[in-house]
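What follows is chain A paired twice: with chain B in the first complex and chain C in the second.
And now, the complex of A and B:
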């Protein structure tokens, strides 16, 4: 422990000096205003189209819109299922007089984080984690690091801890910036707006026997926790790649390809059942909170958590065994 | 490498705090999802609110089946959209159309919709005019064989529901104008003996009687609009009207609304 703390400190400060965290903050600070504006346009457009500001009427119209599209015989089965679940979920909100999209900075944050878990957060984590080891090789500093009187596994462990701490910073900063920026447009309230959780998807139907109402801040807290777990998993995989592949560019390429393949897969794997063992298909844990339909039927939170944990554990084992045995020259 | 003295403590404390917060959120989230509490939520019924109609906007609400939805119209406006545009052209009053019609709806589904969908209940109270078409899906399914005996059977039930629907609508909004679009006969070619024609005429006659019992309800006939060369006004499916057909229905409705408007 005595030797580990300075190592973690060293890693944290090194990452800080590399200005990677500023890059991430910059990316977030540029993207969120764009999405805030887009969201504003969408809600103004919708209001204009329907000609009413009463959310109950516009939500009801959206529901009936889905119902109409479902009635067409040309709709793909997957879509029909998705719309059927969506119709039942939204109608449940309406039946209980809860606005699922009460416009506020908190609601925007909730929705943004939910959509960010699949690709955006993993990419940000990758910016930090994918060259943690390989850059030491590239710059030749790996020798300096390994000639210190500490065991190799401690060096690697300190990198893992630094990654873990930075992932927490990224997720928190994402939510905070999202709230601050979008709040300027949508208002800073909404912490106590009612939110429904506990929808269980069963095929094309939804089970509402466990649906409960919670304050929105609780939803966001849980949501961020789940996003954090996904972020740490991505960090572990990226670190493993960075241990195995000595070139930073190649490591980043591998991670990018994997993540993007994952989003494509999630949209098309529904008929390929064994694809559910890929970690990329399981990254969106937030859907189990909001009650969205999972990419493959039968997936649930415990399954996804198991898959993610097994992948993370395997990547940790691989990187430790490679890192402690590899010849450095 | 010069590092300011406070950077490390600041970084360590903030990241550690963030980490603990997120871990507690994770545990909270997992336990909430895995061990959900029994739901104790009750359906909330919208309260009747007479203010809803007083918003200064002339609201047209469209309810019913695919005819009101506008299926078959290339511009997807349907007769409801045409009516909206025509009323909008009259004067400066702001007009809005809320279309809640769903393809394939039957009288039973419409009745449930009016009783249960909160968004529909709100818009009924907002409405100044309700455009309604319903019943044809109770009688027969297009594309399937039509058996006159079956049609006659389902008619009685459907007619009593029409009455329930009108009753429910007028209870929610006493001064709303309700315009019921009558049925026309798109299948004349496959009905040479006129068996179905007789039933459709009977239906229209019965609904007209219901309409007469309520001063707000007007029956708008369309049977003659799609006569022997009616296919000209039907869309590619030989069942729903096309853009021109919907224009003809809209013209009829406008005649009723114009009369109201000038009163």
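And now, the complex of A and C:
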């Protein structure tokens, strides 16, 4: 096993020198100020409309808003369901005197990470993982890599470990940059703001029997853990594609199409039950924490974790068996 | 160079490869001994690179065995590959790393390679100060050097070079040739594939000739050239009379149409050329005979055909380039 360490170091070095990580940091650093500004506009707008900065009034306003729209007969059944759940959730916050959107750098980070888990983080992971193997083929360096006195499975394993490390780096960098940049606008406080978790959606109703109040920093930690898990899964799938498809462009295309198909599917598959076994529909793990309605009825956190784990394991098996057996031309 | 035939560094036995029901390699066998430069000669598409890829375990042979220092490449990958340094096709390295970082990278994959060893191989190939530039900025010659440095890192017993002179200028080829000879004198066995006979002729001790996936001849470069060494070129006058006299002699055979490859016109104003196949010992006798009958001789020399001609006869005229 001690021969694995230099291999992982090699892979880390190559990814670093390819400057892929800088690209990712760059993307995050450009996008977050934009979202921060957007968020600022939204809260200013709302304040202006309601005429008060009291969050209770604003929350009550939103609940009434939803209730009004729900009573309209022209609303699609699914939206009605979603709004019904949302009303109950917000009501719960109101009843317990907890502000769900207390403006702070930490809250912004929480919301941003929640929205990033479905597509943004997977895309960033893809930038790193989708050419880990295919680029070696494209450069021809695969021949040098595989003619060393090192078994092929070790070479591939080192790439997996490097991917794992970079996913952690990405998630950490995302959270850190998010906090630092948005904190400059919204303030750096909010670590201990109370946050509610444990909502369970059952049909059009919400089950609050397991709801707990926790500090926001713990909520963010949980979020990041789930984002990391999703990131690792995307990394595994991207690596498998990279092993099978020797062209980097084709590999990226496949991954991109799959990820985007996932977000589209999530929005339209609620009546196709077996679609819940696709990994793309299960990537948004954070929604289970905050109590959003899942894309398909019957999905919950442990179900999604299982689906992701099975997909990751299958992709690892496929890539190892292909990589160790294939003739390299 | 290879007088001690005791220890085979590389032993290839009846290796075959089938891809999609087609036998790409139909039976390749040869052996390389310590300190010898071995040429692997064949036209493009004859299976040279496929064979090399099997030697270094990039491709699994369908049949046959490959042993490096007694270790089977397919069964004992690590032990066998530790003895081999190779450049398969072009010296492809990571363009976004410096030469030094590339060597560090590959040193990490070899047991017991220290920084001292990296410095040593850079000295051997003469990389010097450019070591710390990005490989992207290297010329092909520099890449070739770095490729060889990379191959030498692990102190291998066998160095495999695939078409090493491809893309090098004449000066570079000359340097490479001297360099390869130096390495072989140090006891390293070197396998060189090539489609150029002159290259093999100048660099190698022994040669295997491959054609359509099968080795059709293997032996010392000089042995394969034995017949060719008995080719004598005459410059004399008058032509007709000389030809008549020479055909009458025992052990002398006229070679028709031999001037084509040297681009010499057989008949000139003052003298003409004739080529004969004969033992060099017979030359003085033939000279005496011709002079006695009044034939003027302007020149006699042993002139082997280029290996191209030999190769064409071995491969029945399959085109080389």
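We take it that the second predicted complex is superposed on the first by the 329 of 329 C-alpha atoms of A that agree within 3 Å, B and C clash if a C-alpha of one lies under 4 Å from a C-alpha of the other, contacts with A are read in each partner's own complex, and residues count from 1 in each chain.
Operating definition for what follows: contacts are C-beta pairs under 8 Å (C-beta built on N, C-alpha and C of every residue); 3 or more make two chains touch, one makes a residue touch a chain.
Worth saying up front: this structure is predicted, and the values here are computed from it rather than measured.
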* When the two structures are overlaid on chain A, which partner does A:197 contact: first (chain B), second (chain C), both, or neither? -> first
* Would you check which partner chain A:229 touches, where first means chain B only, second means chain C only, and both and neither mean what they say? => first
* Asked: Regarding the shared-chain residue A:13, is it in contact with chain B (first), chain C (second), both, or neither?
  -> both
* With the two complexes superposed on chain A, say which partner A:3 touches: chain B (first), chain C (second), both, or neither. => second
* Structure fact -> Of chain B and chain C, the partner touching more residues of chain A is B
* Considering only the touch criterion stated at the top, classify A:41 as touching first (chain B), second (chain C), both, or neither. => neither
* Asked: Which parts of chain A are in contact with chain B and also with chain C?
  -> 9, 13, 17
* Which residues, counting only chain A, touch chain B once they are in their complex? -> 9, 12-13, 16-17, 50-52, 54, 56-61, 63-64, 67-68, 71-72, 91, 94-97, 164-166, 168-169, 171-172, 196-198, 208-213, 218, 221-226, 228-229, 288-289, 301-302, 305
* Asked: Which residues, counting only chain C, touch chain A once they are in their complex?
  -> 53, 56-60, 77-82, 84, 86, 88-90, 92-97, 101, 105-106, 108-111, 150, 154
* Residue numbers on chain A that touch chain C, as the complex places them -> 3, 6-7, 9-10, 13-14, 17-19, 139-141, 143-151, 327-329
* Asked: How about chain B: which of its residues touch chain A in the complex?
  -> 1, 3, 7-8, 11-12, 14-16, 18-19, 21-30, 32-34, 36-44, 46, 57, 69, 96-104, 116-120, 122-123, 126
